[in-house]
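Below are structures written as structure tokens.
Paired with chain B in one complex and with chain C in the other, chain A is shared by the two complexes that follow.
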Partner chain A sequence: MDWTIIQNLLVTGILRGGLFALMAVGLALVFGVMNICHFAHGEYYVLGAYAAYFAYVTYGLNPLLAIIVAALLGFLAGAITERLLFFPLRKRSKGEWVMNAFLLTAGLSVVLQSVYRLVFGNRYYGITQYWDATIHIFGMTVAADRVMAFVIALLAIAGMWFFLQRTRTGRAIRAVSQDERGAMLVGIDLDRIQTLTFALGSMLAGLGGASLLSLSPAYPMAGNKPLIASWFVVTIAGLGNVQGAIIGGFIVGVFESVSYFYLGQGWQEVASLGLLILILLFKPTGLFGTEIKSVWEK
Partner chain B sequence: MLEVSGLQASYDQLQVLWDVSLSVSEGEFVALIGSNGAGKTTTLRAISGVIKPQGGQVSFLGKPITNLAPYVVCQHGISFITEELNLFEGMTVHDNLLLGAYSCKDGKKVKALLVQVFELFPILHERQNQLAGTLSGGERRMLAIARGLMSEPRLLMVDEPSLGLAPMVVLSVFSALKALHERGVTLLLVEQNVNNTLQIADKAYVLEQGSVILQGPSAELLQNEYLRETYLGKR
Partner chain C sequence: MESSPPSPPLPRRSLPHLLNWLNSVGLSLPLLVCLAVLALAPLFITNQYTLRLLVASLYFGSLAMAFDFTGGFINAVNFGFAGFVGLGAYAAALAANHTGLGIWFGLLLAALATGLVGFLTGILTLPLRGIYVSLMSWFVGMTLMALASAMLKVTRGARGLIVPPLYESASNTAYLYFLLMMALLVYIILRLIIRSRVGLAFRAIGLNFDAAQASGVDPTRYKLLNFTLSCACAGFFGGFYAHFVGIVTPDLMDTGHTLEVMALAYIGGAGSLLGGVFAAFLLIPIFDSLKKLMEYRLIIYGMLLILVMIYYPAGLSGVYQKCIQFIKMRGKKNENC
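On to the complex of A and B.
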């Protein structure tokens, strides 16, 4: 076993894994707290990418600021979407919430992609790089953009960790995911928490899209791959569990990087799906899924 | 303090409460008793906003609270300890208690409340870092009540705290409630355990098939013929 190869694979895997984890955390949060199978998650990734493009290229903001602006726009878009779509649905949906919510996100995805096409057209909005530099890790030369995206993802995840674990509102979000009635009875406004959660999920997706702009340009259907990747991680890790999603993201990142190296692109996807099938066969609740339904606690 | 008049409530098409009226004064210990299915839990749910009543009024401290959302009712000063407890199973005792004080943003005050609550329920202090889901039945009841106290409620409504508990544990829960009453907390207790309840409550309302059929000071009710026959099995 060539140590250099292992190092390379690990570095590539972990760098990718960070972004997988970022996307997966947003999705896990939405599912864990709101019980929504969110299939429009990728569209907020794209929104972040478009926003970062315009902030960086058209308005000339520096890369970090552009990415932050994109994330904030993602947050705002998420909050608006939740109020317009899921808030009324919650009032009206008698049974079949999961199905109704899922269908709503599927429709939302179609609408958003069409809107992007209408407004921006089909062309790719991309940049060559944010930062003109390379970084040396273990003898490998890695583009600064990739490393920065990873660092940003890590910071966002750490921030989310702190928020959920240590703050009053974060605690409230965890409470809502475990027992809605209990949350109501201690004075938590469920509607506000739901809006906040969806906004946070969209913010994280937007942050992902913005950070990776140089590696994956913005175009209407750019959200499909991140969506599938997020669902892949979340399903393997255990639906609705954020801590699991974080670890799962890194596992998938390294797994993909290793299988890509040894199997080539085509077979890599087969390997990934094979992994998914195996895990679901032997542990249908996912690697970290348990009986306790909670967005944070295992 | 709490005025309920003419409350009507249904679950879908099934009407459960027909005309429930009761009142709780500050510092009182009031019991709502009756057998299974009488509508006691429904009454508490309607007061706390968990369900919306079809008719009637509820007012608390002079303000109307009918039809308000549960979290608003909680902010008005009513804590509802449900029969299912609705604890946050995956979180520690400590975090559950912190959430009880959600409406309070003052960190120091919350810490002080925590100390008070641990004094009242020392077992919870011991089990502080344990997950709520791993506690015993009696401990869970204590946690639920303690969590309800963290919001410094003016009125504590407790639904069937003795259900499913061993007699010894029931006694400790009841004595905890009595201690709370002695400290000045106003209590509205729903119970099937008529005998024990009438021993410690000031006054009671007897609910049957969704209406109040008897009411009065506990001492009087204990002498009431109908009550004695139907609920205490005395002839």
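On to the complex of A and C.
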């Protein structure tokens, strides 16, 4: 075994893992607070990618600005979705919430994918790079875009952490995730918190899609891979465990790059899925999962 | 989840004994009429395209029926359903290409192979509840798809396996009767199970797992039985698909197909078996006849699924039950007058 190969795999894995963590945090947040198994998460990723493309290429915005615009759009789309779909479902649902919400997101995913196809066609909207530079890490040359995407992901996660830990609204979100009824009793507006949570989750997904635009172009089905990857992370971490999702993201990133290197495209997928099945079988609450109801704290 | 109440016994003197017996195996009078219409359809329809459409509707409806057997009764959504259908198609294709033992052997093999994998999946999902079951079956389905793409020597990967057609002629009539026979067979079996004590146990598990367990229903056995049967049916119809279309590719196992079947099953009404079939006969020809709608097909599916989920979880079968109730009420009123 060559040392440089290991280094190589680790660096790619960790860079990739940052984005997985970003997506997975959004997914875990939505599950932890709202009990929604979000199957349309990837579609917000694609939305972010499209938005960044048009902001960057068509309107010629600064890359960072374009990514921020995409994230804001993701936020907005998430808020609208929650108001239009999950809000009425919650008002009408009688005890079957988790399953019904899951099926609803499945329908939503189909709808959004088809809408993307209708509006943008099957064309690939991609750019070669945001920043024309390379960076050296451990004697390895990495495109600046990859590193920037990683940095953006980390910053977003840190910002999220600060928001949830230090602000009043963030604390309210955590309170709802721990005990809905108790949160309502102390005067937290549940509807507002749920909308905000879903919007934040979608924002993280949009951010991921936007910052990865130069590596994976936007097309209608582009959300499937990141969706599966983030589900992978969330299953490993335990559903709804946001803290675990960060570590899980890096684990999955490294695992994917290593198995890809040794097994090749086709069998790599089989290996990851096999691993997932094993984890679900022996530790359904995930590697770090204790109680499902937890955001940022066990 | 709304379950259909057992239909009241027919009055002996007004209807022949035969109808009564048919009813007991699930072939009620309205259904018999529908069957007769479908069976006679090829006599009046000469357009091959329309016939093919009927076969496609029946195929998707049958899949929705098999899906509903788990989704609507034990309330476990098999999210890897398309993977099992694809597995059946591959099994039938391989049997046809390598053994030459005839179509029934291939279909039987497809059902057995899928049933076995369904049984194993059932074992995997045993310790899990609710949404975790869906996740696990989703992962299994995706694994099947990944395997089908990766095992190039057996499946030829994305290039697909070519399957010989069932009949020499290009006519779709034979396919329609063949599939109708398969669907009827599966329907009667599933229906008999649903109406037996086993079906009662399924419903109990679906409605309240803990309460069912507390009152002596062994969830392990029933969950396994249900999963195995539903998957075997999926594989059975998958085998037909292989012969009908003539080529099997890993795309068949895509989650999108699961969503399509799931949408049909839920639009038809969970826990009704036939709801999905009617939904298929209602929706698929409509989508097809309005060519422009084809692009919007998945959007409409998704929207309908969302709307049904939010506003009318009983689905089409709920509408049907309401109509029946309404007619009965009117009948009673008239009798009273």
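Everything below uses one rule, namely that the second predicted complex is superposed on the first by the 296 of 298 C-alpha atoms of A that agree within 3 Å, B and C clash if a C-alpha of one lies under 4 Å from a C-alpha of the other, contacts with A are read in each partner's own complex, and residues count from 1 in each chain.
FYI, a residue touches a chain if its C-beta (ideal position, glycine included) is under 8 Å from a C-beta of that chain, and two chains touch if they have at least 3 such contacts.
What you see is a predicted model, and the numbers here were worked out from it, not measured in a lab.
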item: Fit-or-clash call for chain B and chain C when the two complexes are aligned on chain A; value: fit
item: Which superposed partner A:127 touches (first chain B, second chain C, both, neither); value: neither
item: Partner chain(s) touched by A:172 [first = chain B, second = chain C, both, neither]; value: first
item: Chain A-centred angle between chain C and chain B, computed on Cα centres after superposition, in steps of 10 °; value: 90
item: Partner chain(s) touched by A:184 [first = chain B, second = chain C, both, neither]; value: first
item: Chain B versus chain C as contact partner of A:102, first or second or both or neither; value: second
item: Chain C versus chain B, contacts on chain A by residue; value: C
item: Chain B versus chain C as contact partner of A:72, first or second or both or neither; value: neither
item: After superposition on chain A, the shortest CA separation from chain B to chain C (Å); value: 18
item: Touch list for chain B against partner chain A, complex; value: 48, 50, 69-71, 74-75, 79-80, 82, 84-91, 95, 98-100, 102-103, 105, 131, 133, 147-148, 150-151
item: Chain A-facing residues of chain C, complex; value: 1, 75, 77, 124, 127-128, 130-132, 134-136, 139-140, 142-143, 146-147, 149-150, 152, 157, 255-256, 259, 262-263, 266, 295-299, 301-306, 309-311, 313
item: Of chain A, residues touching chain C in the complex; value: 37, 85, 88-89, 92, 96, 98-100, 102-104, 106-111, 113-115, 117-118, 224, 228, 231, 235, 239, 266-267, 269-270, 273-274, 276-277, 280-281, 284
item: In the complex, chain A residues that touch chain B; value: 168, 171-172, 174-175, 178-179, 181-190, 292-294, 296-298
